[in-house]
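Note that the chains are named A, B and C in the order they appear, and that numbering of residues resets to 1 at the start of each chain.
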Amino acid sequence: MNMDTLAALFHGFAVAATPYNLFWSLVGVTLGTAIGVLPGIGPALTVALLLPVTYGMEPTSAFIMFAGIYYGAMYGGSTTSILLNTPGESASIVTALDGHAMARKGRGAQALATAAIGSFVAGTIATIALTFVAPLMVKIALLFGPTEYFALMVLALTTVTAVLGDSLSRGLASLLFGLALGLVGIDLQTGQARFTLGISELLDGIDVVVVAVGLFAVGETLFTVARHCFEIEELYQLKGSKWLSREDWRRSWKPWLRGTALGFPIGALPAGGSEIPTFLSYLTEKRLSKNPEEFGHGAIEAVAGPEAANNASAAGVLAPLLALGLPTSATAAIMLAAFQQYGIQPGPLLFDNNPELVWGLIASLYIGNVMLLLLNLPLAGVWVKLLAIPRPWLYSGILLFATMGAYTLNNNIVDVALLWIIGLIGFGMRVLNVPVAPCIVGLILGPLAEQQFRRALTISQGDASVFFTHPISLALIVIALTLVLVPTLLRWRAARQASEAANQA
Amino acid sequence: MKKITRRVFSTALAAAATAMLVHQATVPAYAQEQLESLHIMAPSSPGSGYDQLARTIQTILQEDKLTGPVEVQNVAGGGGTVGLSQFVTTKPRHPSAMVIGFAMVGGVLTTKSPVTLDQTVPVARLMGEADAIVVPANSDIKTMDDLVARLKADPAKVSWAGGSIGGIDHVAAGLIAKTVGVDPKKINYVVHAGGGEVLASTLGGHATVGISGYEEFRAQVEAGQLRALAVTGDTRIPGVEVPTLKEAGVDLAVMNWRGIMAHPKLADKDREGLEKAIAALVKTPEWKAALEKRGWIDTYLPADAFAAFLADEQKRVEGALKEVGLL
Amino acid sequence: MLKSANFRIGETILGLASLGLGLFIGVETWSTPPIAAQTVIGPGLFPALIATGLVLVGLQLLYEAFLHRLQVEEFPELDWKAVILVAAAFASQLVLLERLGWVVSGTFLFVVSAMAFGSRTHLRNLMIGLLLTALTYLVFDYGLDLDLPTGSYVEDLVDLAGGTV
C-alpha cells in the first residue's frame, strides 16, 4: 500500500512539476499571501471569485492554484497579526497575542520568521501525513460526534487559564463578556433570535474578526493615542539582527512540532476548525515553558506553536475533503463546489477515478510550501520595515485598515459600528487592565460548546451521562480537569508551605 | 449596494491571470433589447447553494453573451433575509436580480423579517433539488418501512441529522412524521451547520438518520458506506436507484427549489430583457450540463407560473413551519 | 492618593458593567416566550448560566472595589482630548462612509487621527491618506470585485455630470 502511495506520489510530482502547473502554483501562493495580508477577504471568497475565471482551465491546474491560495492565506494571515495587531482571520488571533508583543519589542522580524518557518515545517509534515494516513485520520475523525466535540471544547476552554492575567475576577469578567457576545444571533437549534436588538445584520452573530480587531487594533490605537504625550519610548525599533538566533531556533522547534501534532488531527475533524488547535497550542506551550511569565509579553514559543498549528490544520481539512468529499471549512466548501463544476465527485472513489488530479494536487502542496517559504522569509524583512513608519501614520493606517476589513467582511456598515463600539470597550479594558484574550476565547468557543452540548443531549434525549460514558469524551474531560486542577493544587500547596514556613519563622 | 458600473472581469485578480481574462473582457456588440449589465445578489456566503446558482447563471450569461457583464455579490445572514432587505431597500443603479429559494421563504417567516418576497418581482424558477434520507450501511434500518415503524414506536429515539432549522430538511422530516401519523413537534431533529456536518454525523453513526440534499450523500451512497432509503421528490433522480417517498409508502413529495427575482424598481424593458435572457439560458447546453453535474433537477417556470407557484409555496411552508412548532 | 481613588472608580465601573450586562441577559432570557418545538435543552440555558456568572463576577468586583483592601495599582494618565478626537473621527465613518465614499471618508479618518497623534504636517497627511484610500479602493473595487463604497453623493454627482465611473 505504502509503495503504491509512493509511486502515486511520484507520479503526482510529475504532474505538478510541469512548468505550466508550477506557474499556477506560484500564482496561487502569491495571491494567497496577498489576500492573507488584506483584512476582510479570506481564501474562501478568493476561490469563489476565481471560480468563473477558471472555467476553461484544466481542473488539475485550477486545483493546484486553489491549494496554493489556501496555504498562502495561512502564511499571510500571521503578518498583519504580528505587525499591526490586526488579525485578518480567526486562525491568526492567537498569533497576535505574543507576536505583536514581540514586534513592540523590536523582534517583529523574528516573529515573522518563526511563523514562516513554523508554517513550512507544519505544512510539510501535515502534507506528509495527508499523503500517508488520510484514510486512517478520517476514520478516527468520524468517531467524533457532538458528545466528543463538546468535551473537546471544554478542553479548549481551559486555554483561558493561560490568558487570565493577574486578577481572576477581571479575567473572568472578560471571558463572560466574550461568552455573552457569542450568544448574539439566531440560535441554530431552535431558530430563535437572541439579543439581536432588532438589528437583522446581527442575526448571524457577531464576527470574531470584528471583535478581535476591535479589541486589539482599535482598542490599542485609542490607548496609544491617549498615552502618546506621556511616553517617549522608542517602540518597534528594530534591535540587532533580523534573523533567528540560535536561542530562537532552540525555543521554536519543539513548539513547531507540537503545534503540528495538534493542528493536523483537529483540522481533520469535521467540526474541528483552525482556532481550537491554536488555542491548545498556546496552552501547551505556556504549560511546558520554563518561563511562563513571558507569555503575553512576546514569548517566541507562543508564535511558533499556534502558527504551526493553524497551517497543519489547513492540511488536515483536506483529509476529509479528499477522502470523503466532506467539506469542513468555508474554503473546503468552495473547493467542493469547484470539484462539482468540473464534474468531479470527491469522495471515497476520488482516488480511483481521478488519481492524476488528487496526486497532482497533493504533490503541489509540497511544492507550494517550499515556494511559500522562499517567498515569505525575504518578505519578513520587507514587511518589518512597516514598523519604521512614524507613529501618527502607522496608527492612522491601522485604523483605515481595520475599517476597511470590517466593512468588506459583509458589505455593511453595521460591522463598522460594531468595530467602533468594541474598540471603545477594548480601550476601556486596556485602561482598567482587563485582559482581552479571555474575551476572544469565550466568543469563539462559547457558541461551539453550546451547540455541541445541546446536540449531544438532543440525541441522547437528555441523558447527560454520555459525556462520561463515551471513552473519547471522558478522556478529553479528564485531561481538561487535570490541566485546571493540577496547577491550582500545586499553587495552593506552595502557598500553604510558604505560609507555614512564615509561621514557623 | 451603491456602486458604479464596472465589468466583473475587467481587471485581473493577479497580473498573471490577465491573459486568461482578456477574452471575457472583450465587449460583444449587444443586440438592442439585451441587458447591458446585471447585478445578482446571492443572499448567502460563497460556496452555498444560492451562491453556486448565482455564479452558474453568471458564467453562462457571460460565456454565451446573453447579457452584458454580470456581477455577483454575497450578502449572508439571517436565512437570506439580510440580503433580501439590503436588496429591496437600496436604490439600484443597474439592473439587479436576486437568487432565492425554499429556505428564503422559511427564513422570512422564522425571522419575522419586515421585508418580504412580495416586495420583489418573480422572474423564473430555475431548478430543484431532492432531499434523500440515508442511514449508515451497518444500520438495522433497511427500508423506509423500518424507519416509519421506529418513528411510530418512539419518535424521540430516532434522531435526524439535518440542516438549518425551518429549512427544507427540517420541513421534510416534519412532513414525513405528519404523513405517517406522528406528531411533527415530537421529532428529534438535530440541527447541523451545513451538509458536511450532516454527512459526518450520519457516517459516524451519531444520528439515526441523515436528511439533506442527495448530492451531499451521493459519493458515500455509491461507495456503499451509506444506504439511501428514499428521495423526497416527485420522481426518482435520473440514474439513481433510490425510490421516492411515494414509492416507499409515504404519501409525500417535497423538494428544495431555487429561482431568481427582479428588483421592484427594475424598468419593464429591463425586466423583459432579464426574462428573455433567463429563458435563453435554460435552453443552453451549458445550463443542462451544469444541472447534470450538480445533480439539480430542471424545474424551470417562467415569470407568471413562478409567481403562482410562489404564492402557493408561501402558504405551504407557513403551514409546515406551524406543524413543526416554529411559528 | 488620587491614583488609587481613580482605580477604585475603574473597578466600580467594571463591576457595574458586568452586573448590568448580566441582569440584561437574565431579564431578556426570562421574558422570551418559550417555543413550541420539542427541545431537550432550550435556547435559554446558556444565557442563564452566563447571566449568573456575570452577576457573580460583577458583585465580586464591587466587593473588591469598596470593601476589600486593594493593592494600589497605577491608573494611567490619559490624554482624553486625543481619544475623543480619534473616536469621533471613527464614529464619523458610520455617517460618511456610504455617503461620501471610502476615499473621502477614509482620508478624513486618516488626517484627523494623525492629528490626534500630534502630527502637524496636515497637507502631507492628506496626500498620504488620499493615496492609501485611492489605492485600496482601486484594488478592492476593480481588482477584487469587492465593495468599498463609492459613496451615494459621489454617485449622484457623477450622474449629474452625465458620466459613469
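Heads up, the rule we're going with is that a contact is a pair of C-beta atoms (placed from the backbone, for glycine too) under 8 Å apart; a residue touches a chain by one contact, two chains touch by 3 or more.
Just so you know, these numbers come straight off a predicted model, no measurement behind them.
Ranked by separation of Cα centres from chain A, the top chain is B. With centres taken as mean C-alpha coordinates, the chain found closest to the middle of all protein C-alpha atoms is A.
For the pair chain A and chain C, the distance between mean C-alpha positions equals 23 Å. Centre-to-centre separation of chain A and chain B, using mean CA positions: 31 Å. Centroid to centroid, with C-alpha atoms defining each point, chain B and chain C lie 36 Å apart.
Shared interface positions of chain C, i.e. residues touching 2 or more other chains, are given as 35, 37, 98, 144-145, 147, 149. Among the residues of chain A, those touching two or more other chains are numbered 45, 49, 189-191, 411, 458, 461.
Looking at chain B, residues 1, 8, 13, 73, 156, 188, 326 sit in touch with two or more other chains. Chain C meets chain A in the complex at residues 10-11, 13-14, 18, 21-22, 25, 28, 32, 35, 37, 39-43, 45-47, 50, 53-54, 57-58, 60-61, 64, 73, 75-80, 82-83, 85-87, 90-91, 93-94, 97-98, 102, 106, 109-111, 113-119, 125, 128-129, 132-133, 136, 140, 144-149.
Contacts from chain A toward chain B in the complex involve residues 23, 26-27, 30-31, 44-53, 55-57, 141-147, 186, 188-191, 193, 200-201, 203-204, 270-271, 320, 324-328, 330, 332-334, 336-337, 340-343, 345-350, 410-412, 451, 455, 458-459, 461. On chain A, the positions that touch chain C within their shared complex are 41, 45, 49, 169-170, 172-173, 176-177, 179-180, 183, 187, 189-192, 194-195, 218, 221-222, 224-230, 390-393, 395-397, 399-400, 403-404, 407-408, 411, 413, 416-417, 420, 423-424, 427-428, 431-434, 446, 450, 453-454, 457-458, 461-462. Contact residues of chain B toward chain A in the complex are 1, 8-9, 13-14, 16-17, 20-21, 24, 45-48, 51-52, 55, 58-59, 62-63, 73-79, 81-82, 85-86, 110-111, 113, 156-157, 159, 164-166, 188, 190-197, 199-201, 203-207, 215, 218-220, 222-223, 225, 290, 293-294, 326.
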